[in-house]
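Structure in structure tokens, see below.
By written order: A, B, C, D, E and F. Residues from 1 in each chain.
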Amino acid sequence: MPIVQIHLIEGRTVEQKRALVRKVTDAVCESVNVTPEHVKIILSDMARHDYAIGGVLKMDESK
Amino acid sequence: MPIVQIHLIEGRTVEQKRALVRKVTDAVCESVNVTPEHVKIILSDMARHDYAIGGVLKMDESK
Amino acid sequence: MPIVQIHLIEGRTVEQKRALVRKVTDAVCESVNVTPEHVKIILSDMARHDYAIGGVLKMDESK
Amino acid sequence: MPIVQIHLIEGRTVEQKRALVRKVTDAVCESVNVTPEHVKIILSDMARHDYAIGGVLKMDESK
Amino acid sequence: MPIVQIHLIEGRTVEQKRALVRKVTDAVCESVNVTPEHVKIILSDMARHDYAIGGVLKMDESK
Amino acid sequence: MPIVQIHLIEGRTVEQKRALVRKVTDAVCESVNVTPEHVKIILSDMARHDYAIGGVLKMDESK
């Protein structure tokens, strides 16, 4: 019954998300001995004005 | 002081959300002995490309 | 596929939690047209030194 | 390594968010003895039809 | 900068958690093109009286 | 109505948490123009076997 939430900076394609949920599901199943249908994954996009490290919004990062 | 977060597949109407928060609030109050003004609810819509079961995005499910 | 997380101040009995998940599940099913087996609920207890309103820990509240 | 998530009613400007992440980062660093680069902050906007107190959606509040 | 939170039923060993975070990190890196040091993972154990499907606590499930 | 959740590595004293919630509440109020009683903060401790960066549990980090 693992429930996984992944916060990502916005901009990933559906193709990347499709690969992400498949590979993360495999990783969970191999590690904690569950079957895939019990793994739920929520993807949450973060806009660049909604994520900060060190007190600086992603949109304001130099480089 | 219960704080409730509900992740839902996108597409519910405001009318459904209005009923949802009223009924869930009642359910919480009856069960754990709090008054309604202490119940906060956050609704979070999930796009069909942002939720997966069994490693498959909701948008890719064969019905 | 609703996923519900409920943060509660610690101290509820298992009997209260049992009622809580049953009633909240019913409330969700009636409101957004899903069947019960699709409703997952995570309960998260908060210690009184881990929750604050107005900048004051629950454990420090007068009355 | 603190990870902070802040749910806010929608409508804050980028300028307000910029101040918010800077000041919250400072507050965390002063209180729990970490350096700023270890503080991550996720901001999550809530629409007025996605937040409720007392069983009433924010959009339906009188006043 | 992906931030991953995984809710698991309690009872996994540290060895299983060690494998889990390594494999999930690899899965994220391969899928969305980040380097490992940017992947943070929070594991959250759920007691069997704190997780429900279909309105029934995990502890009450008839196997 | 901001709701703040802060994940911290375990080991902070109550005194540190008391300072943390007071200072973070002040930071939120100054930045987004709310009054303190509307700011709720949830603190969530993470054990050193429940947090990973770069695929390595905190408990396994060299130095």
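Everything that follows uses one rule, which is that contacts are C-beta pairs under 8 Å (C-beta built on N, C-alpha and C of every residue); 3 or more make two chains touch, one makes a residue touch a chain.
Quantities reported herein were computed from a predicted structural model and do not represent experimental measurements.
Steps from chain A to chain E, minimised over paths through touching chains, total 1. The chains that touch both chain B and chain E are A, C, D, F.
Where chain D touches chain F, over half of the residue numbers in use are shared by the two copies, so each contributes mostly the same positions. When the CA atoms of chain A are superposed on chain F, the rotation angle comes to 180 degrees, reported as a multiple of 5. Between the CA-based centres of chain E and chain F the separation comes to 20 Å, rounded to the whole angstrom. Touching of two or more other chains is recorded for residues 1, 3, 7, 24, 26, 40, 42, 44, 51, 53 of chain A. Interchain contacts (touch definition given at top) occur between A-B, A-C, A-D, A-E, B-C, B-D, B-F, C-E, C-F, D-E, D-F, E-F. Residues 7, 44, 46, 49-57, 59-60 of chain C are the ones touching chain F in the complex.
Against chain C, in their complex, chain B makes its touches with residues 1-9, 12, 16, 19-20, 23-24, 26-28, 30-33, 51, 53, 58. Chain contact summary for the complex, chain A toward chain B: residues 14, 17-18, 21-22, 24-26, 36-37, 39-45. Of all the residues in chain B, the ones that touch chain F in their complex are 1, 3, 40, 42.
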